[in-house]
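Note that chain A is present in both complexes that follow, paired respectively with chain B and with chain C.
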Partner chain A sequence: MNIRKNPYSLFCVLLLISLAVALIALGMGEHWINPLSPSSDMESRILWELRWPRLLTAFAVGGMLALAGAWFQVLLGNPLAEPYVLGVAGSAAVGAVSAMIFMPDAAWAVSLGAFVGAWVGITVVLFFSRLGSARLLLAGVVLAAFWAAVLMLLIALLPERGVALAYAWMMGDLSNSALPIWLLMLVWAAALACGLILSLSLDKLLLGEKHAAALGVNVPHLRKLLLLLASAVTALAVTAAGTIGFVGLVVPHLMRLLLGSLHQSVLIASAFGGGVLLMLADTAARTVISPAELPVGVLTAIIGVPVFLWLLLRRNA
Partner chain B sequence: MIQMQALRVQRGDKQLITSLTMQAKKGEVVVVLGPNGAGKSTLLLALTGLHADYAGEIILQDKTLPHYSHQEISLQVAWQGELPPTEFGLTVQQRLEMACSGKLEKLAQALAYFELKPLAKRALGELSSGERQRVEIAAIMVRDCPIWLMDEPTAHLDMRHQVDCLKLMKQEAEQGRLIITVLHDLPQAAAIADRVVVLDGLGGVEVGLAKDMLTAKCLEPIFHVKLKGNGYDLMPAYQKEYHGELYEKA
Partner chain C sequence: MVAEVDNSQEKIRHCCGHRQPASNGAFFKKLLVLLLCLCSTSPAFASERILALAPHICEILYAIGAGKDVVGAVSYCDYPEEAKSLPRVGSYNRINVEAALALAPTMAIVSDEKMIGVQKLRSLGVKIVQSHPEQVDDVLLDIRHIGSAVGQRKRANQLADSLQKRLDKLDASMENLKTAVFYEIWPTPLLTAGKHTFINNVLQRIGLRNVFGDVELEAPRVNVEAVIAAKPKIIIIPSEKRDVAKRIRFWKKWLGEDIRVISVNPDLVHRPGPRLLDGMEYLAGQLEGLQIEH
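Moving on, here comes the complex of A and B:
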């Protein structure tokens, strides 16, 4: 059976691959623990209470970022678009860092700050949703620069200890997500389902807005829905894990290279592929120099940049 | 089939068409002529429901356009215009499947008509503009809508495919479709037009039978070009102006 053509077999194959990767990643850590037969109660608790929730968080966040990236790319008609392109991550970072400054004692405040910040950013972007793709992108890039400036200002105001925290948050951290795992998995599944429902319309949008409309798609409606959906998913991913770069940019392109550009398969593959990539990156982040940890956002960028550059050269050839 | 009543079309501040009233019936080929920026493409977009900045009425079958959903219009009206973007690597086959809504025998027929079978698996970005234009004409074929709106269908095409395209348009009209098309080439217009709409670029419109409209007297003041000949031979007189008598008369 050709898994490129059959979404059910694609789904099943990717689910199996994800489970296999998760199982291996679960065993890896400071000490290798066989996930199928932990030798002690202690090991079993390390597996299921420490590593497993973190793996699931990585999977859900990675999948959400990749889905949001695929959506932003088709919404903006630009292959370089990614989940943070319209400044949502910047405003979330401003929110998170503000929370660190003004409520330094409450751990949950950082997530709340990020979530509120992300939605402030989305609300501002929605004002520009009626602009054409090119101008919307331009507005987003300018907004991102604005949020970056505000962020620099806040960091300048932070006491020394806070600077380290702020940087750690901005580089992405899956170790202390304030969001429950079931919520993240639910959002992942709901996002994939929404994407699949919209997939035929999204395919038509690849032909440009006029062609899509002439084929019966309500384009203004779809654009607004897509902007809201992609931004909301990005906001949740950022709330859970801070800003993790390149997953949202590279994974959809990799999947297009492997499976073609129709959205049914691209979205299924991105939801799983982004999840697997982030599980691997996070496992590397916590094992390479264990017991210390590398920031996961740094690893995804180190993996992502060469892959993407190779992709650009390949496209050009 | 499609009726325009006191249609006034604008884009931003610019008044493109001040008042157009006409009725186009099935089986007809209507050619829209006019200088660049006169509003030919915008008129087609308005008729597709993609350009809402107009006053007056557009009546499709028996209802005005705003009474239709996007989906309903797309079953009646097929539009061919700018070449679609190529960034995301769609193939010819995929692009046509989006247009044909499951009618695969139509798709095979269109691929064969425009000799696109060898290109079916190729990405649109790997094709030349002429090949991509053939894909777009094939896409309007597979739509199977009673009304075709075509914006410069012969652009980018080589001579043989221009001829094939015009032949297809005439045949389809004879089988009962309404075809409204923008063209720039006067002999091509003469070859297929039943009626002609001329936009003068200043808001004025004239509608008439092809044989009355495709004359030097009617078109010279609008295009500001010296024309020679009539009907099928109507063309700009630029040869003699620049080149003298270099070639022998046929």
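Moving on, here comes the complex of A and C:
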């Protein structure tokens, strides 16, 4: 198959798959509504004002997380790296929960808190950017542990209802993104474009820093850029939807298993694959125990893990 | 134990009332016994040092005149005003046993016996009384129960009787309308009250039908689409600080101009305590003025 080698056909195929999934997911909800011919005015409003923005948010956030995950895996030279590994999600959660404590009646404050928190976390991590991969990772893990501790401290101070809200935020919620959809789609597209521009350098970096430097890559510069880019994308994803685990860890690996390790195809496929996985997970979250909803972060893992393990075994055989 | 002491006191009064003294000596002897009994029993109440380990328990204790015996409370015990200055020994899910013991309590009234630290207190000799009303009627029972546990049976019964009267009046005035209501605990994410909740029962008692009252979860997260499909006539927002005007605009957009939105102080309807009837009467009053088509 030449879609592995030809990025344009890969892009087109994935775009079509994403649109098909989006169309089916759009119809699913409290009741099935045919997206192509809604039978009433209310049905078309439900489709285009409730389900569509939420699907697009899921797609953009999923793609952003998968891209950030792929970058962190190269940057840190570690297959276990994911968008939250350096503590960005932890500091964002600290920001969000602080907002819940200090401004409990303003819903928008949570998103602002998450955004500010994420950037505080990124600023701290940037101090360690000149350390080697292993030490940067170690610093990140320790920082993540620190933020987790602060988070637990804050949760202990919350009232009972507040604890439920804090956990709801931490397990991800795509229904109330404070960021406009066009911004999220723009960030998704920009992130993919940046990834593609950097893809050749990323391939070289995958060989090791010395080899990359020998091949003409300005390694310290690239690492710093990558750290900033991946963190910024993660910060926006977390601001829009809370912390949604698993997508950023597994989707890049899944795409490597399917398409090989060249970054051009891995990044294109991750941007779409993450989006599709999160659209599917969120549709399941909306419909499985309807009228109640499940936290989407739980479903990304429940859907993603079996697929990933199956591919891992098949690949080995 | 409290009940026994109470009985003995009554017996003695009984004896004195019916038998005329045969002689002055015998009379004084009896009087002395009576005085001794009173002296030895009444301090048993006064010396009860109570920890009120939930906001509604704190409210009940103050309402039945046992406020002076409360030595400690947990966070969010904020009513009445005097309760705000009580020493705190924990939060909604755990207590600090050391801080609690420092107040030398003899009794702790808890909402949940499984709360962290409560078993430790029990093993250290503190009497544990539980009050966890799950329905409106349980609130009145619990007020009587707490009253007899802390030696304020009379005032507790008075309070419970007056609340019962108000409840009966409310029941009588309610035609069995079952107006569909959506109870918006929180807007983002949209949380509501499910089947096994106190508030679900409160809504039933004022003639409303919680549209998510058959969901088995306690505080299910729902989406706007599910609310539209459930077709509520009324939205109740348990908060006075939330931007209610914004929520009204939001719900009118999805449920039409006819939707009614009522906000209520959550402490009045969520706390199974003496102010519950205030909250229920307030909601019933608001509903009366709405004139909803069924």
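A few notes on this one:
Simple rule for what comes next: the second predicted complex is superposed on the first by the 302 of 317 C-alpha atoms of A that agree within 3 Å, B and C clash if a C-alpha of one lies under 4 Å from a C-alpha of the other, contacts with A are read in each partner's own complex, and residues count from 1 in each chain.
Throughout what follows, a residue touches a chain if its C-beta (ideal position, glycine included) is under 8 Å from a C-beta of that chain, and two chains touch if they have at least 3 such contacts.
The structure presented is a predicted model; accordingly, all values stated were derived computationally and were not measured.
Contact with chain C, but none with chain B, is seen for A:Asn176 once the two complexes are overlaid on the shared chain. Within the superposed three-chain model, A:Ala292 lies in touch with chain C and out of touch with chain B [touch as defined at top].
Contacts of A:Leu131 after superposition: neither chain B nor chain C is touched. Of the two partner chains placed around the shared chain by superposition, chain B is the only one that A:Pro79 touches, whereas chain C remains out of contact. In the superposition on chain A, A:His211 makes contact with chain B only, while chain C stays out of contact range. Legend: residue contacts after superposition of the two complexes on their common chain; A:Ile24 is shown touching neither chain B nor chain C. In the superposed model, C is the one of chain B and chain C that contacts more residues of chain A. Contact with chain B, but none with chain C, is seen for A:Asp203 once the two complexes are overlaid on the shared chain.
Chain B makes touch with chain A in their complex at residues 45, 48-50, 69-71, 73-75, 77-79, 81-82, 84-85, 87-91, 94-95, 98-99. On the chain C side of its complex with chain A, the touching residues are 75-76, 91-93, 185-191, 194, 212, 215, 217, 219-226, 228-230, 239, 241-243. Chain A makes touch with chain C in their complex at residues 29-31, 42, 46, 50-51, 104-107, 110, 156, 159-161, 164-165, 168, 173, 175-176, 286, 290-295. Those residues of chain A that touch chain B in the shared complex are 73-74, 77-79, 203-204, 206-208, 210-211, 213-219, 256, 260-262.
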